[in-house]
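Each structure below appears as structure tokens.
Look for subunit A in each of the two complexes below; its partner is subunit B in the first and subunit C in the second.
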Partner chain A sequence: MIKKYLTFTVKAFQRTLTYRFELWMELLINVLFMLVYVYLWKALYTGRTSVEGYDLNGILTYIVVSQTLLTFTFTLRIARIIEEKVRTGEVVTDLMKPIDFQLMTLATAAGTSSHTALFNMLPKFLLFYGAFGLSLPPSLLTLSLFIMSVVLGYVILFSIEFIIGIFAFWLVEIRGLYAFVIWGLAMLFSGYFLPLEFYPTFLAKVAAVLPFRAIIYFPTAIYTGQFIGEHLVTALLIQLAWVGALVGIGRLGYRAAFRKLVIQGG
Partner chain B sequence: MPIITVEHLSKHFKVYKRRTGFWGNLSSTFSREHDIIKAVDNVNFTLERGELVGYIGANGAGKSTTIKMLTGILVPTSGHIDVMGLMPYRHRKENTRRIGVVFGQRTQLWWDLPVIDSFELLKHIYEIPQNLYKQNLEFFSELLQLQPFLSTPVRRLSLGQRMRCDLTAALLHNPEILYLDEPTIGLDVVAKEQVRQFLRQVNAERQVTVILTTHDLNDVEKVCQRLIIIDSGKIIYNGAIDALKKRYGKTRLLIVDLAQAYSDIQLEGVDLTRRDGNRIWLAFDRDTTSASEVIAQLTARYEIQDLTISEPEIEEIVRRIYELGMH
Partner chain C sequence: MMRRYIKLYFLLAGAYVRSRLQYRLSFGLMCFGIVVSEACLLGLLGALLAKFRTVNGWTWAEVVFLYGLGNVAHSFMRILGSQLDDFDRYIIRGELDGVLIRPVPPLFYLLASRVELIHVSRALTSVAIFVVAFHLTDLRWTLSVALFTFTTILSGGVIMFTLMLISATVALWTTKSGKLTDLLVAATKEAAIFPISIYPLAVRLLLTFILPVAFVTYYPAQQLLQKGEFLGMPESFQFGAPVVALVMVCASYLLWCSGLRRYHSTGS
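Right after this comes the complex of A and B.
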């Protein structure tokens, strides 16, 4: 049962290996962007020791970790993949197989993203870690909770993209919706740009009711030690709740989409 | 007991009228005016286990719609389908385990994976035991000569190669029924022959029930035992190919090149079935009219340049049925 889906993960991982050139280019651009951010923050901190509880080393660690995690957001493209499948009618082929569409999509995404994590995010992170003397999580436990939080954040991001993708069954095109949610809302409220403590109260309040901060801000704040104890547990529970809700909505969405497909034809 | 039973099956599509322009668009959003297309209209037939049936009809006749309902990816508007005791739509997952499907127009293989990887994925999806998988893969590779391109990505295969792989993909899990929607579309003569040979063999050796749609009547003639003809959603013929030939093959065809395009052609006991410039096609019943009588009539009234007599092949019979309906 699980093995069935793991095969999708493995194949997707292997498939990504064939696009090596593109991936190197992507990595190069990412690194340059991160470099600019790091120098920007270094400049902003001249003459200051701490802002909103972050010292220079803290903020640089935050920036590098969140920038690294951001990679998932712009490489996942699940919504676009679903849109493509609907447009070409490939969804019909999926429908004809004894397989769960949502799980299959997640398994495939996990394959591609494992590749990204291993060959893009990890080297990128290690490079900056070495070059700027960043901190590691305070303990091994924090590290494992951080990884757990990254995975939960990933599933949240996946689910949001999955739901956007499902709209392709009704809308002729979802590029606008995708751009609004992923390039707009997610970028604004996930905390990749700034720690959310830096946000004006009003925006911080909006961020608090949206799922996006659970994608980048939560795991990063766990990494830097900003979240500890009760605060950390609450963050993980909020992530879990979002996973449940968004996976559920995605499921209802694709059931409705397939119902429409089998009644109205593809 | 039949393996497939279809009773009073209908599929109606609502097609919403769209007006053009901004106001048109706006108003069609609110008024939901629509036409009803009866793609499949009160269709009845059964298939016995091990049969090999051709399902034919002109463009838009309702073939693909029927196949989609049989495979469970389209819900009937009304009527009943029983496939191996299952309702394909209601029991979609269970149904998919026991059937194989090939749509000639699209592949079920993964576009940028090597062929063999697609097969591996299918092995897991259908939970095919390793030894059965190996055995089937060997059998089909041998029969369809897949070996040379097993490690080629699907996107780089020729249409013929891709079709051979798709056939294998549809059969790896030992389905009891194989649905084929235009499996020979776009193939050259040799590749078509290979597919036909393969289908015959799979049907004979593995007792797979096969239903296929096609526009190439050679497929039907060389592969199928039975023929179902659908026209505008209704079944107009269901029976052996030989019987169709006997029934309609009574008609012989005389193709005549006239010296000029006569405007009015009148001959006793003869149907003018087609005309194209100076060339006319005349059909007559071999039991009541002899060829020499027809030729005598012709030469008496018109100036003739050339003529040939043909015994109608299945192609011609079906063409006439599409054009004129059944009589």
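Right after this comes the complex of A and C.
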């Protein structure tokens, strides 16, 4: 059962391996992005010791971890892949397979993303970790909870993209929706640019009712030790609730979509 | 000859724009999305600087001024160079062959056949931000300031465009450039919206001589805002943007031509 989905994961992983040059360049550019933010924060912190509970080392750790996690947002192109499949009619071949469409998409995404995690995110993080003397999570337990939170955040990001992709069955063209949700909402509320503690009260309140902070801010705050005890457990529970809700909405969405499916030019 | 090309440009671009307008809802949402995301980044920048007041002696208004300069140049380039976003698609699918046999220069055909109007919303937002920042910094419009600003933005747009072209051209050798073009230009733009004095020497040199985006924002801003921070570089760099733009145009076009010469189809 799981084995057939794992095949998709492995295949997607191997497919990504094909274009090495592209991956190296991507890594290089990501590093440039991160350098910008690291030096921005260093400049902002000159003459200060602590702001909103973050000292310089704390904030740099936050920025590097959150920017590393942001890579998933950049590289996960599930919405566009589904859109393409709908537009070309290729989605029909997926529907004929005796497998679950959502799970298959997740398995494929996991393959691409585990490649990204291994060959882009990890080296990038280690480079900055060494160069700027960042902190590790306070304990091994925190580290494992962090990884758990990253995975949950990833599934939330996936589910949001999946829902956007499903809209292609009605809209055909979803670039607009994608830009609005991912480049607009997710960027503003995920906390990739600065910790939510730095947000004005109003924005922080809006962020609290949306799922986006669970993608980057939660895992990062767990890593830096900002969330501990009860706070940490609540964060994980909120993530779980969002996973349940968004996966559910995605399933309802694609069932409805398949019922009304009309293939263009088929 | 020139008139024929101008006519052709509008014909090709018009066809693309019409096709994109078929999906009105999506088009509207995308414009909206772009405006929201621009506003968001600015809002976050504002939240940040409200807390910290200055970055290396640059006030909020001055940073927004740099942000505006960089974004205006970037968005105008995005309108005209939309095609370069995912140029590698042409190579992977072998579609470049079809472009090469057309009776116009390939680069002209590529650029004309795709002009993304959605970036107009980005450009308008950027212009609005820039105008506001301009007034916040106590600058006043005089003829010389207006001319200098206009030249700076034009040169800035050209520099951004050539960077985009160079990174797209890479695909002629490597087959795939993926999101490379997009990312490279986005990253350099991001670097250029902050005063480059925050970076170590190596990064400053990179942004001055290799990916010369410092000429889009930082150096011209020295002239406009009278900051006098040259970080050991010649003071004439404040007027350097048009020269750099010209050099970049020649370099990128030569690279493009040599890339096309060695191009052989993927044969799929």
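Definition applied: the second predicted complex is superposed on the first by the 261 of 266 C-alpha atoms of A that agree within 3 Å, B and C clash if a C-alpha of one lies under 4 Å from a C-alpha of the other, contacts with A are read in each partner's own complex, and residues count from 1 in each chain.
Note that a contact is a pair of C-beta atoms (placed from the backbone, for glycine too) under 8 Å apart; a residue touches a chain by one contact, two chains touch by 3 or more.
Treat the numbers as computed from the prediction; the structure is a model and nothing was measured.
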item	value
First (subunit B), second (subunit C), both or neither touched by A:Gly89	first
Contacts of A:Arg15 with subunit B and subunit C, given as first, second, both or neither	first
Which superposed partner A:Lys97 touches (first subunit B, second subunit C, both, neither)	first
First (subunit B), second (subunit C), both or neither touched by A:Lys3	first
Which superposed partner A:Trp24 touches (first subunit B, second subunit C, both, neither)	neither
Greater residue coverage of subunit A in the superposed arrangement, subunit B or subunit C	C
Shared subunit A contacts, counted only where both subunit B and subunit C touch the same residue	none
Of all residues in subunit B, those that touch subunit A in their complex	13-14, 65, 68, 71-75, 89, 92-94, 96-97, 101, 106-108, 110, 112-113, 117, 120-121, 124-127
Residue numbers on subunit A that touch subunit C, as the complex places them	19, 21-22, 25-26, 29-30, 32-33, 35-36, 39-40, 42-44, 46, 48, 51-52, 74, 171-181, 183-185, 187-188, 193-194, 198-200, 203
Interfacial residue positions of subunit A with respect to subunit B in the complex	3-4, 7-8, 11, 14-15, 18, 88-90, 92-93, 95-99, 261-266
In the complex with subunit A, residue positions of subunit C that touch it	23, 25-34, 36-37, 40-41, 43-44, 47-48, 50-52, 55-56, 118, 170, 174-180, 183-184, 186-188, 190-191, 194, 197-200, 203
